[in-house]
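Some structures are shown below for you to check.
Same chain, two partners: subunit A is paired with subunit B first, then with subunit C.
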Partner chain A sequence: MANHTDSPSGHDMRRRNLVKAVGAGAALAGFPAIVRAQSTKLKVGVILPRSGVQGLIGQSCQIGADIAPALIKDMLGVDIELMNADWETNVDVARTRAERLIQEGAHVLVGPFDSGAASAIAQVAEQKGVPFVINIAAAPPITEQGYKFVFRNFPTAIDLTVNGLALIGDLFRATNVAPRSAVFMHVNDTFGQAMNRGIGATLPRLTQLPFKIVDTISYDPAAKDLSVEVSKAKASKADFLLLVCRLNDAIILRREIVKQRWNIMGMISPGSPGIYEDQFQKALGKLSENCISNNPWYNPKTAMTAAVIKQMAKQFPKEKLHSHGANVSYTFESILIAADAFKRARTTNPKELADAIRQTNLTDRVSLGGPIKFNAKGQVEGNLSAALINKDGRPQVMLPASAAETKPVFPWPDYKA
Partner chain B sequence: MNRRALVSLLILGVALLLLPLFANSYLLSVATLILFFAFAGQAWNVMMGFCGQLSLGHSLYVGVGAYVAAGLFVHLGIGPWAGVWLAVALCVALGCTIGFLAFRFGISGVYFALLTIAFAEFTRIGFDHLQWTGGPGGLFLKVAQRDTIDIANFRGPPAMYYYAILALAAGALALCSWLLKSRAGFYWQAIRENEEAAQALGINTFRWKMLAVAISSAMTAVAGVFYAFYYNNLFPEQIFHISRSIEIILGPIIGGVGTLFGPILGAVVLTVLADGITELLAAVGVEVPGIKQVFYGIVLLMVIMFLPNGIWPTLARKLGLVHAEGGK
Partner chain C sequence: MTWDLVANVLIAGLLTGMVYGLMALGLSVIFGVVRVVNFAHGEMMTIAMYAAVILFVGFRLDPFLAVLPVAAAFFVFGYWLQKGLINPFITRPEHSQFMLLVAVAIIMVNVLLMVFGPDARNLQVDYQLESFEIGRLLVDKARVYAAGVALLTAGALFGFFRFTLTGKAIRACADNHLGALVVGLNVKHLYALTFGIGSACVAVAGCMMVLLVDVTPNLGPAYTLLAFITVIVGGMGSMPGAIVGGILIGMSEALAGLLISPSAKSMFSFGLLILVLLLRPQGLLGKKP
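Right, the complex of A and B next:
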């Protein structure tokens, strides 16, 4: 669990309340626009699921937000005040929290690690004319609505699938192997089904990939035993396992592969949680080594990533960036985008701030991908995934080569051809 | 209902009508949420509170109602005023199917509750695979920044949605009040108290239970249509989830099952409590994730322990809003 040592103190809260009271008084006096425009501090409403089903992920994202004020002050000289809100993994709450943050004077909203919540918040942001920078949410329609105040710096679900599959091709080229067949196993929940459909639609178009899927096997996300599924997968005689999983099933599945002495070239996730997570490595030890997953990730080679790691060590000494990956990098970048726009616009006027966000061109960044530039729909194009391999007890970037921390390894070293 | 209760109701009605003139957008959004849960809770109350049939799968009707109206709007351009009829018809058909299966084959109590959960769950799985409604990726209604009201397409500013759900909640209250005093209401209460005795008195329990299910599912379908056009995005994982059903039934349980004002009071208490705890914790500078849910749980536990019949019956008696013998 994250250690939120940077949370506002009681003193800060009282000060915030005083600022609110002064702001409210001015608003009543008829100068709301002037008050907003003249602010020297950017108030960022950070809305994340810090409790409920997605609580742990929300807290992970919160680390990215908590390190932002100090780091951005150093980088851009911009003062940021975080206004944290927990949407409790409940879309109804997300909407009211967004309303509340705007009411309290947030100049920009950041969050929320969920497409449904993002869509609910987007409507509030649009209605109130307050910029909203989405940190993580992949549903394509969010930026297809013609919104003027909604921006997303995260790949869409389609991009995620294409990036993940393309990296598999890159991996095979880099290791000079060409597996002919794969068995596709996926968790049978909403996410797994969506990935199944996405892969089914995308794979035929990626003609550079040398393999064909010979069998597709779905399994219950709450399964305690996957011996039958692994037997079936083994019987397919596929060269490698393409896997869309979550944490617990990934652990069970990896153990079952060993138990059944299934001799495969490796297991690769084209984009799902589980494999790169700390718990996977802790539970499996050496067995977790060389398992591969392709996911949005931070670029370990950039100066900004180094600064983020340093700041995390200062504020959250027990936390490591590789345990939080995209949660921290994309949340931090969302606040960076807002701060950069505020610096250029020199105002918190929402319309001018939104215009400045639209003109963003950040080349130095934490996450993998090209410069942060929004298209006409408010979507950043060119965000990339990384091919991650578990090595020495943590996920390490193999590809793209420019960000690599380790050499690509495929097939598994103990694979017998 | 006595004279004092009537005056109180009138004052409350006027206050609610004038609320958008004074409330900021946050309060308006909270009020809309309260009224939504009051309306949906009232719908559930018809089935459980009046007729004694425990449904834990009312998210089914919210979801189907929402998806039908939204799907027609997005894909065929059919507005919600037409879509709501199809949504209601489909939900009534679904409700009657569940009711028929249960009542015809003597499934009752906890087994009936399980049946309702099962229907909600496999409908969720079905919608996960239905590409016409976006599958697990969700169905999104086109949203534009609007200050003007487009009644035909039910698009407009937050105040429009507030008045719409206020009208629905008021309508539901009036309907339920009338139902309770009607022959159906008396038969339902007889069935609720002792089904065998009701049967022995010549009440066709199958028929009247089916009517309760039909009315309850129809009302919940309307709540679903409102939900779709208010939130503008639907995901099977969220709308059909059992937590949605629990949210709907918590209001009546806390307020007072089987009472007219219980669902409304329950929705007020739960929403204000949830937001109040958040505000209180923020004011004292406590930012521990999940702490709100702990407080929320403790308060609910205390209400259930000390007011097992809900808040409304006790409150109504103390305020002198009802005669000593009833809390309706």
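Right, the complex of A and C next:
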């Protein structure tokens, strides 16, 4: 170890450093607001599953983050620096990535498209006192813990179910059709089971819906053959299929419906992936047409959505917003929320930033729903779903009418027509 | 529950089981002679499925016609794989063989991921969504054709091993390795030939399977496992056993799905496996060691 006290020059250095340190300390103690306000750039730690099982979705969300800095600079004049992290679809990795982002100076965390990861990151954010804006995660408990630094601009699972079922009623009213019965098929993973419970609890309260569920069939989302499941569903003689699915099983199901000549009025998801995804339409072609899913989505009619589409065309010319839907819209909005709060707070001080986020009131937005305003729990209420129908090879909004790109269609016409 | 529902489900189970049998046939042939368990079986079938998709997209070649070039290519590949890679491992401990073929399987999956990406691919032929209507019964055309090909392939293999000199020589190798060497048979060549034939069977199964299932690079391990279950239930090394095992699994899954819960389908194939291992360890049609 070097002995600095033996060196006169070293002694001078220490004295000069001490004077500098005292000066800096005094400045921080005396004028904290001025010093912190000097940070002109907001460092946003974006934490998404860009590899692993959810890799494709994470990359889809990443587009929403990547377009944000340029767009927000134009809109709010705020400089954003993205600090990207991949949580590899592994909750433990999510926790360590969040800790690392905070260590490296992230002022706010955004992500992570998963309830399990969101819970883990929320604990870290709360412990370190750094604001965390959740882009997509639906598990209700995340915002029921009394956290002060955790905010969510995405519907909870309960809201998703209620919104999705309500839209089914709207669809029936809009098309003057009143099916009497549905067969409910759902994947038997955590998500499918949660939706099953949610629908079981919600449906009896939605008395305006004209149909009853006559049979419930759960199945393995990894199944390669769903002929037995469809045979059972067909035997129920239900008017339409209510489906909570993933992607591959939705493709197999749709084919099986045709093979078994199951003449139903339609196939509607009250809120699940699969049906609106690009791959569903690529794999099924015309068979994918007129399949309906009710999901959180962007509002195609807003000016901000137009700006997002324009920015995507500039940065990602091969990508279309309808291929990424809520992944892009909600991720972009999360960063927008942070940037708006930073602009108002004029500081990166975490507590003041969190307070500013709590005061958010953004009426111009990309996703469907009312203004972005957080309740006392840090949850945005009033986020809506859209009734999407696959038409001309892409999902289009049917309902709500104010955002409609196409007319509601139900029952579905014969696919051969 | 109506009789037509039960009949439809049973027929679907029977046909699916025959396709499972076809898939397991190659595994059974290879193990029966070379005594090597091909842990890359499902991955090889996945490659065959991709080959069928490429031939269809590129040349509009129906999978039933694609069977010929794909099986020929797989025969050559299998022959080379056995002669060049697996043969040195034949006398080594089983765990070495296991590690080798698992490594081959992992390489195959990753090459497929690099070349084709993770998205599912499929092909659409006219008859794929059609069904035969017999009274109130609806029978999936693609499954009927695939089951027919399974029977034809099993029959052809049976004929080859029973009536041709090469087939008899291969059986001699399987029955008595030392004896085959003593009478001057080229055992290495015959082993390679068997691996080639087994691989060609896998290719046929892949071309048929692509009519029923979309192909993704990660499909392999699940099918390797299914083929193992089928072969163990039917009897390791028994060709008719592979078909019988497939049918049993297909029908038990279908019935479990109908009578108990569709979620419990795959549980039943494993249940059947345990039952067979307990009551008849050599499999239903397998020979006692």
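Brief remarks on what is shown
The rule is simple: the second predicted complex is superposed on the first by the 377 of 417 C-alpha atoms of A that agree within 3 Å, B and C clash if a C-alpha of one lies under 4 Å from a C-alpha of the other, contacts with A are read in each partner's own complex, and residues count from 1 in each chain.
In this section, a contact is a pair of C-beta atoms (placed from the backbone, for glycine too) under 8 Å apart; a residue touches a chain by one contact, two chains touch by 3 or more.
Computed from a prediction, not measured in an experiment: that's the story for all the values here.
Superposition model on subunit A: subunit B and subunit C are shown accommodated side by side without a clash.
Judged by the touch definition given at the top, the superposed model places A:Asp220 against subunit C, while subunit B stays out of reach.
Of the two partner chains, subunit C is the only one that A:Asn248 touches; subunit B does not reach it. Subunit A has more of its residues touched by B than by the other of subunit B and subunit C. In the superposition on chain A, A:Ala194 makes contact with subunit B only, while subunit C stays out of contact range.
In the superposition on chain A, A:Gly285 makes contact with subunit C only, not with subunit B. Once chain A of one complex is fitted onto chain A of the other, the partner contacts of A:Asp92 are limited to subunit B, with no touch recorded for subunit C.
Taken over all C-alpha pairs, subunit B and subunit C come no nearer than 10 Å in the superposed arrangement.
On subunit A, the surface patch touched by subunit B in one complex and by subunit C in the other comprises residues 55. Interface residues of subunit B facing subunit A in the complex, by the touch rule stated above, are 24-26, 29-30, 33, 128-129, 135-138, 140, 142-146, 157-158, 231-233, 235-238, 243, 247, 274-275, 278, 282-285, 287, 289-290, 292-293. Within the complex formed with subunit A, the residues of subunit C that make contact are 1-2, 5, 8-9, 12-13, 16, 118-120, 122, 124, 128-131, 138, 140, 212-214, 216, 222, 253-254, 257-258, 261-263, 265-266. Across the interface of their complex, subunit B is touched by residues 4, 7-10, 12-13, 17, 50-52, 55, 58-59, 84, 86, 88, 90-93, 95-96, 99-100, 102-103, 115-116, 119-120, 122-124, 126-129, 139-142, 144-148, 157, 190-191, 193-194, 197 of subunit A.
Every residue of subunit A that touches subunit C in the complex is listed here, in rising order: 55-56, 188, 217-220, 222-229, 231-232, 235, 247-248, 251-252, 255, 258-261, 279, 282-283, 285, 287.
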